[in-house]
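Heads up, the next two complexes both have chain A, just with different partners, chain B and then chain C.
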Partner chain A sequence: MAGSYRMIEGVVVLAAMVAAGPVVALLSGDVYQLAVFERALIYAVAAASLNMILGFGGMVSFGHAVYLGIGCYATGILANADILPIWIQLPVVMAASALVALFIGLIVLRTSGVYFIMITLALAQIFYYLAVSSSYFGGDDGMVIYERTTLLWGYDPFDSWHFYFFVAGITVLCLLLVNHLVRSDFGRRLVACRENPTRATALGFNVFAVRLVGFVLAGVICGIAGFLLANQAEFATPGYASWQRSGELLVIVILGGVGTRFGPVYGAFAFVLLESVLAGYTTHWPILFGPFLICVVMFFHKGLAGLVDRLIPGRARAG
Partner chain B sequence: MSHILKLEDISVSFGGIHALQGVNLQLDHGSIHALIGPNGAGKTTLVSVLSGELRPNSGTVHFDGRSVNGLTTHERARLGLTRTYQITALFQHIAVWENILLSLKARDTPKVSVMQLLRAHAERHYAAELAEVLKDFGLEEKANALPSALSHGDRRRLELAMAIISNPSILLLDEPLAGLSTSDAAELVALIRKRLKGDVPILLIEHDMDAVFDLADEITVLVDGRVLMTGTPEEVRNSAEVQAAYLSEEDDF
Partner chain C sequence: MASLFAEQLLNGIQLGILLFLIAAGLTLIFGVMDFINLSHGSLFMLGAYFSVLFQALTGSFFLSVGLAAIAVFGLGMLLEVLLVRNLYARSHLDHVLVTYGLILIANESVILIWGSVPIFSGVPEALAGQIPLPFGIDYPAYRMLVIAVGGLVGLGLFLLIQKTRVGMLVRAGATNRVMVSILGVNISLLYALVFALGALLAGLAGAMAGPILSVQPGMGEAVLILSFVVVVIGGLGSIRGALLAAMIVGLIDTMGRAFLRDILSAFFSPQVAGEAGPALASMLVYILMALILFFRPEGLLPLQRRH
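Entry: the complex of A and B
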């Protein structure tokens, strides 16, 4: 019973997530609305990867956006060199993010608590300033990406509908992957290492290795989000790897519900949609968003995911 | 009897405090060796040195004929050096059955592997063993509870279960009976005897003197970081030195 409920819930959430953009675009007759939802989907992937190490691994990374930047620049550099097929671009993006995550992970995983947060931030800033100072890749001004990734014959990357479903398809695959990982044998070991590292070590788990694998996997998945972002924005800027962006990802995870299955999806949609609506009224939209975030955190256990759980009749409250 | 664990001249100091000074200790196959001593004598420090959580300033830990000084805690755990904690150390936000399942998995596949990324967690493979462990340790009805919701006795039982089912080659028990009633303690001792295969040696740290004299084959008395004496329960009981240093203190309670 529980298993089939989980499956129905998963199908409903993912279907609603994919359908939201097209429904709005068709109703408003404005195909450019799709772009807003593409951004929400991309943020959902990035936030889901952060949720994996934050919610399940207990690792508060304050530099997670660095992989958005890595994925974005890797894609942009390949695209501008006219290397467009996805089966070349995506493996390169994944390998690049994995290497950076490995480098960062090997350093930060020797620390914990506040030090972990600060050092992830510091290391991410190194890559941010690398991008800022690299005049070859546009430096502070960023880099225009002239071509989008190609997939198969018949796929037109510059057709709004084609491209939307390209983003949505990869998003669904990434979310399913994250969901699988946290429920896998490995995922449970990751939780064990969060819950009681002393005991996990005494049982024979190598806590450092388990965390490092989780950290690198999260980096790779966030790199894929960067790959999508490069295609969507047709632009790569150091700003994608900035600490503000890392902060936004944390906000999305916390808003959606830390350690919940679909929290990152709820959080990303709430964040991007509110941003695009509120920004229409005022450039000081964070003044309105801040109190909203505080209310959600104060009144709903487990963020928006907790709220959704409460709204579904007959569903036992989690936790 | 051959020894499986041998401590040679172990010294540990924290700043100016000498927690352990030149401690020698030997654990034989099939024996229960109790470590007693007043509070602050260095008993838990010794267990931490054995498990690798603490590096001694000098001295060597020999396990099965070789030095394990260079091995980390998880590497020693994989060799079967299993410990329990004085203050129960459980996975607090994970159900009882999953605590046990994690221990079974640590026993069989401690290393990270690609298979773990592909495979689901709740394997049918362990269902029978899991049910048996829950039954043996009287945790059947609490299988779905969180450790934080368990009584103190049940937590002790779970702590012990996780150690014993990991198939130890040496079991280090740090005050397993602390805070238990006499009947609960007796039940737990019976469980240890039942579940543990023949000649797995136990290093037992315990304040309950009745239990110590009842269970131990050999007793080492630790006072102020030094070994006062090692001997049979009878010898220890009759030693005037031990009486003076330790047992008389117990009478004050």
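Entry: the complex of A and C
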């Protein structure tokens, strides 16, 4: 019973997430509205990957945007070398993100707590400055990406609708993958290593290895978000790997509800849509967005996902 | 070359002193209240803006720096009482979200009031010149004053923490928070004072940095990240660690930016050096931090903590 309830909830949330953009675009008669929702979807993927290690593994990465940057640059470099098929681009992006995540993970997983937060930041900054100084790839100014990824005959990457469903399709696949990982044996081991590393070790788990696998998987999935971002923005800039971007990802995850199934989706949509709606009214939108964030912390338990839970009758949980 | 080196050395010390003023508050707030305050950089920025404001009102630079620091002290007190004290029992992640919200509010308020164009407040005329130092070195008088004032404030802070009753309570709070409250200390007043003191130091640093940097929205964030690096390298909650780390970070950052390019060009082609030099200089601080945390995960001078 509970299982089927979860399933229905999942289908409803994912369907609403995918349908929101087209509905708004059709109602307003403005296909460019799709771009806003594409950004929300991409952020949802990145936030879901961060939520996997943060919410379930207890690893607060303050440098998660680095994989957004890696994915973006890898895609851009391939695209500008005229290597466009997704069958080549995506594996390269995933391999590049995995390598970087492995390198970072091997260092940062020796620390914990606030030190973990800061050392992930430090390593991400090193990659950020690497991107800033690489004049071959545009340096500080970034790099224009001239061609979008190709998929199959009949898919036109520059058609707004085609491209929207390309982004939405990959987003849904990534979210399903994250949900599956979190609910799998591996996900439970990840939680066990967060809750009680000593006991997990006693049960025969290699805590370091479990965390490292989680860290690398999250990096790879965030790299895919970077791949989508490169296609969406048609631009790669060091800014995508900046600490501000990492901070935004953290804010999205916390806003949505840490360690909840659909928190990253709620957080990403709230963040991107509020930003775009408020920015339509006033350029000083942060002055409204700031108090909103504070209110979420002060009044909702478990972020927006907690609010959604409370709105559904019979779902309110204590604590 | 020698005078250039000495000048950069002093610049490094001056940056280190500013970083120490900010990091000292940050590390105290973390050590005593276990609170992560991302908006600490915003207090630095507000210090700079308040100083500009008071300078226009009073016409005196020195008076305006003092008034700005006091104003930020008051603001910090208000912030603690109205908002921050409700968050001590919450998770670090909630602290991050709320103080991120505060950064947005602070930056946007500053843009609304003063506009987004950087303000160059300029060095007061009496201090615009250079002062001669031993060995034939000339150094800007204003920067020398920043070093002196920052050093004095740092010394005062050290005496306050090490030699007074309030300081003893602060140290006790950083070591064992629960025990201090059990002993009947008015812990909520102590927390408010520590938070406001941290704000005062950040505001003072901002007011003094105003003439050196340009006063603009978002100026707090760059400093915030460096200060967090200082706090973590020094060891969380440790004032002595913050002082040591601030000097190391200030010197390494300044020296790297000044000389790394020339050092590299001795080994590589000018083109490679010109490209890698500035990049490596920006990375130096973070490489240092990663190395220190790798070998000493608790920082250089960690507190002996008991919970």
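Everything that follows uses one rule, which is that the second predicted complex is superposed on the first by the 312 of 319 C-alpha atoms of A that agree within 3 Å, B and C clash if a C-alpha of one lies under 4 Å from a C-alpha of the other, contacts with A are read in each partner's own complex, and residues count from 1 in each chain.
We take it that contacts are C-beta pairs under 8 Å (C-beta built on N, C-alpha and C of every residue); 3 or more make two chains touch, one makes a residue touch a chain.
Being a predicted model, the structure only gives us computed values, none of them experimental.
**Q** Contact-wise, after the overlay, does A:202 reach chain B, chain C, both or neither (first, second, both, neither)?
**A** In the superposition, A:202 contacts chain B only.
**Q** Touch test for A:145: chain B only (first), chain C only (second), both, or neither?
**A** Neither chain B nor chain C is touched by A:145.
**Q** Taking the superposition on A as described, I'd like to know which of chain B and chain C A:305 touches: first, second, both or neither.
**A** neither
**Q** Per the contact definition in the header, classify A:258: touching chain B only (first), chain C only (second), both, or neither.
**A** A:258 contacts chain C only, not chain B.
**Q** On chain A, which partner's contacts cover more residues, chain B's or chain C's?
**A** Counted on chain A, the partner with more touching residues turns out to be C.
**Q** Could you look at A:181 and tell me whether it touches chain B, chain C, both or neither (first, second, both, neither)?
**A** The answer is first: A:181 touches chain B but not chain C.
**Q** A:224 contacts which: chain B (first), chain C (second), both, neither?
**A** Neither partner.
**Q** Does the superposition put A:286 against chain B (first), chain C (second), both, or neither?
**A** second
**Q** Spell out the residues on chain A that touch chain B in their complex, using ranges where they run on.
**A** Where chain A meets chain B, its residues are 181, 183-189, 191-192, 195-196, 198-207, 209-210, 213, 217.
**Q** Per the contact definition, I'd like the list of chain A residues that touch chain C in the complex.
**A** Against chain C, chain A makes touches at 54, 60, 107, 110-111, 114-115, 118-119, 121-123, 125-126, 129-130, 132-133, 135, 243-244, 247, 250-251, 254-255, 258, 284, 286-287, 289-294, 296-298.
**Q** Report the residues of chain C in contact with chain A in the complex, numbered from low to high.
**A** Interface residues on chain C, with respect to chain A: 30, 36, 38, 83, 86-87, 90, 92-94, 96-98, 100-105, 107-109, 111-112, 221, 225, 228-229, 232, 236, 275-276, 278-279, 282-283, 286-287, 289-290, 293-294, 297-299.
**Q** Can you name the residues of chain B that touch chain A in the complex?
**A** The contact residues of chain B facing chain A are 51, 53, 73-74, 77-78, 82-83, 85, 89-94, 98, 102-103, 105-107, 110-112, 115-121, 123, 162, 166.
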